[in-house]
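Pasting the structures in now, so scroll down.
In the two complexes below, chain A is the common chain; its partner is chain B in one and chain C in the other.
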Partner chain A sequence: MVIMRAIWFVSQIAFFGLIASRMVAVEDYFRYYVGGLSVMTLYSAAIFIGFDIYEEAEHGVFEYLLSLPVTRRELVLGRSIGGGLRAFIYVGPLMCISLYVIGIANPTNFLLALFSLFLFAFGISGMSITLAVVIKSSDRFDILMGVLDALIVRLSTAMYPLSFVREANPIYGWVANFNPVTYAADLFRWGTGIESFLSFENPLLPLLGIVLFFAFFMFVGIVLYDKSIEGGGWQ
Partner chain B sequence: MAPIIRMVNLTKKFGDFTAVDHLNLEVEEGEILGLLGPNGAGKTTTILMLATVIRPTEGTAYVGGYDVRKNPDRVRELLGVAFQEPKMLWVSTPWDVVNWHAKVCGLPTQERKRRVREVLEALDMWDYRHRSVHALSGGMRKRVEIAKVLIQRPKIAIVDEPTAQIDVVGKHKIWRMLRELCDEGTTIILATNELYEADVLSDRVGIMHRGKLLVCDTPQKLKDSIVGGDIVEIQFEAEPSPKIVEELGQFKEVVKIIKTMASTLRLYLNRVEEVVPKIMSTLMREGAAVSSIRMSEPSLDDVFAHYTGLTLEEAQKGGGG
Partner chain C sequence: MRHIVHILENDFRNFFRYKWWLVGLISMNLADLFIMAIVYNRMLKPEVVQQIKSYFNFFAPGLTVTGLFASAFMIGREVNMERRREVHQYMLSLPMTRFELAFGRVLSGGLRGMVYMSPLLATCFAFVGPPTPTQFLIILIVLFFLAMGISGLSIAIAVSTTSIDKFVTARGLIYYLLFFCSSVFYPFSLIEQLGREGKFPMLLVNFARVNPLSNASDLIRSFLLGTPPFTLEMVISVLVFSAVFTFFAAFAYIKLIERA
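Coming up: the complex of A and B.
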């Protein structure tokens, strides 16, 4: 899985990124695309934890985790952070390739961006876990993840600047404006110095968006998790 | 003293299926309570409710004074569970599984390392500690599962079929370890469908069938509750006189006497251990020449059959989930 993702990532940079940047009349599109691609890859790695939930339920590991002397809050927090960290471990080497390609202009900005990417990964993991336990069906979850991937990633600024999204359709622009992938991609580009097409002038705005997204799925998600799990409905 | 676990009309329904049906049961601190029943009797569902893994549909249970519905976090602090199917997590070796469990249960590093070693050695799993759990046999995986409870030493341990798939020597070792755990102050709930296990390990046995608790008492009292359940077979050297048969029939413990052969009497009676000396003195007084005497008392299988009308094997075949 990791190897497959790495091959896909490198191919996207080496082929799609290079070729598309010659077609697109956006300044420095290649670096812009590589930054967005890193966030997209992080998203798809972090979302994967939801599938683990079904596997755990199938093998009864869920029962074990639920019987441990820890609170549900600690359990969700632990799983989300674990899922986010795992995503970072998977994507870490690919991020390094990205950074080699696009460079780092300001180390302080980059560290702040990296911190926000951690929160983004934890939030995506939390979202994935919450949706998995609420939906309770691996097939339906699979479909929803496909739909979310299509909408959240495509209607973000991961692959194209916000001004172009707005031009295509104001509703698309509105969605992209309230999208955690947009916030993460913006912060990553800001952190690495690709500032020509940032969606927000003030980086604190996307940072706030990511913090809110993380907080929502950490703490509101716990309530849903509690209600969905302890009733035994997942059985 | 208040019971450490009190189940009050504890009920769990999955759709139209009632897995546990208005269970009322108390468990005293420091005892081993065996829950005996075939697959589908509701033992595991009861355990999952006590462990706060699933919420009761109706009724509740108080564990250490805490309501499983209202204070599940406090309940879990008191419990350790060894599941029926070993739960191996995503980690890959017995050492990882047990060490991770001990870590989550809050054992300090040094104590954790020492106890992981102690428990794995005691369960004959130390040599296999770095082997992938996926390469272990069913019995070995089961040992790793039971190791979690042994290392945790919780206030209340719940063990679901702890010796399933384990060889005879291993079974005895685990029974001894569970008994030691109990002696150290842990209350144990043992869910099993092995009659002998329930008999040798439990202070009291609750028999469950189709989600209901049929009876709960000490194994001996359960056996004694079967009227005429004990059997004494006396083989005489010659046909016994009618007087002997009449005198034996006068003991209040004797329920029925059958002459199975010309020189053999089979007595169905209660409390065999008390009545045999009286039988012996009668036979000696009458000068009866006896070739042999065989005694047998009812097993828990007989008790189960007495209360359900089915043998455990028959109930297992017809049992639900």
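Coming up: the complex of A and C.
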């Protein structure tokens, strides 16, 4: 998976980013696109924890995890944070490539952006775990993740500025405005100094959005984990 | 011929086992068209607008070709899995010639690609406009040969390794090189321009020019949009690609699975 993601990432930068920047009338689109690409990659790596849940259920590891002397809350929280951290380890080298291309203008802003990306990755892992335990069918989960990936990433500012999304379709613009991928992508750009076409004036607002996203899926994940899994609920 | 039909039946049954995966792939394709292409439509530079008019119309044929590519490539994954699980011993024991077996696999990969691509092509015609009956026939023939070539390419990669990691890596490299170094997403003139400015290696510019995905997309565009103009080179490029990889794959399949 790491190699596949790396090939995808590099070809996106070297081909799509470079050539598309000649096609569009967005100033400095290449750097803008590379910033969004890092968040797209982080999103798809963090989603993977859900697939692990199915593998564990298939091999009976689920029952073992439930028998461990930890609370359900600790279990969900630990898995979400673990999934997010793992995604960061996968994506770390690719992010370094992005930073080499984009550069860092203000280290303090960048640290805040990095913190928000951690929360974003934990939130995505929590969402993936929540959906996996609700759906309980790897086929359906696979399709839902494909559809979500298609919609969440494309209806965000990962690839294009919010003003163009709104202009294309007000509904798309509305969805993009409340999309955690938009918050993460724009905060990452803000942290690296790409300040044109940002969707916010105050960076605390998207940060708050990401904190809420993380908290929501953590809470829902814990409740659903308890309800769906106890007493052989997986079967 | 009867034996090839059996192979086709078997591979089509396997193809529809991945129905969830196919639904996911189609929704991603449609999201690309109805979200990404519509937004890019608003972002184009005036000189690009002059050249391609609408990004949505420009991208729809490219999307059809990428859908064909992804689905025709799936046969490689199955062939690689058969080799890893040694199902190929069973395949070799079937009462049919090696050529029938190999050609049947390449043909089924290509036909599966055509089946998957049909709704995307219909969507393209519905939104961009229909071709004339002759143009429609040429498009179908060229896309069928392209699908055969892609299926052959994926089988050739699949039988050359038993390692899933190596297969996935090789597939990724080929996938993205053929996808992004082509005129599927952007006009070829932009790639040429980057090459002239020295910002893109000329080797890759030439690769994009002969890339069968570029030529198949541009062939559909030439009929539906009138630009770029139709050239015989578009058809020849796809036919050469198809001929080389269909026969190479059949040969590799026979030789390598017998050796394994």
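Miscellaneous remarks
Assume the second predicted complex is superposed on the first by the 234 of 235 C-alpha atoms of A that agree within 3 Å, B and C clash if a C-alpha of one lies under 4 Å from a C-alpha of the other, contacts with A are read in each partner's own complex, and residues count from 1 in each chain.
Basically, contacts are C-beta pairs under 8 Å (C-beta built on N, C-alpha and C of every residue); 3 or more make two chains touch, one makes a residue touch a chain.
All figures in this text were calculated on a predicted structure; none of them were measured in a lab.
In the superposed three-chain model, the partner touching more residues of chain A is C, compared with the other of chain B and chain C. By the touch criterion defined above, A:20 reaches chain C but does not reach chain B. In the superposed model, A:3 lies in contact with chain C only, and not with chain B. Of the two partner chains placed by superposition, A:111 touches none, neither chain B nor chain C.
By the touch criterion stated above, A:69 is placed in contact with chain B alone, chain C being left untouched.
Of the two partner chains, chain B is the only one touched by A:61; chain C is not. In the superposition on chain A, A:171 makes contact with neither chain B nor chain C.
In the overlay built on the shared chain, the residue A:204 is in contact with neither chain B nor chain C. Residues 3-4, 7-8, 11-12, 14-16, 18-20, 22-26, 139-140, 142-143, 145-147, 149-151, 154-155, 159-160, 164-165, 167-169, 172 of chain A are the ones that touch chain C when the two sit in their complex. Interface of chain C with chain A (complex): residues 20-21, 23-25, 27-28, 30-32, 35-36, 38-46, 48, 165, 168-169, 172-173, 176-177, 179-181, 185-187, 190-191, 193-194, 199-200. Partner chain A is touched in their complex by these residues of chain B: 12, 14, 48, 51-55, 72-73, 76-77, 79, 81, 83, 85, 87-90, 101, 104-106. By the touch criterion given at the top, residues 52, 59-61, 63-64, 66-72, 230-232, 235 of chain A touch chain B in their complex.
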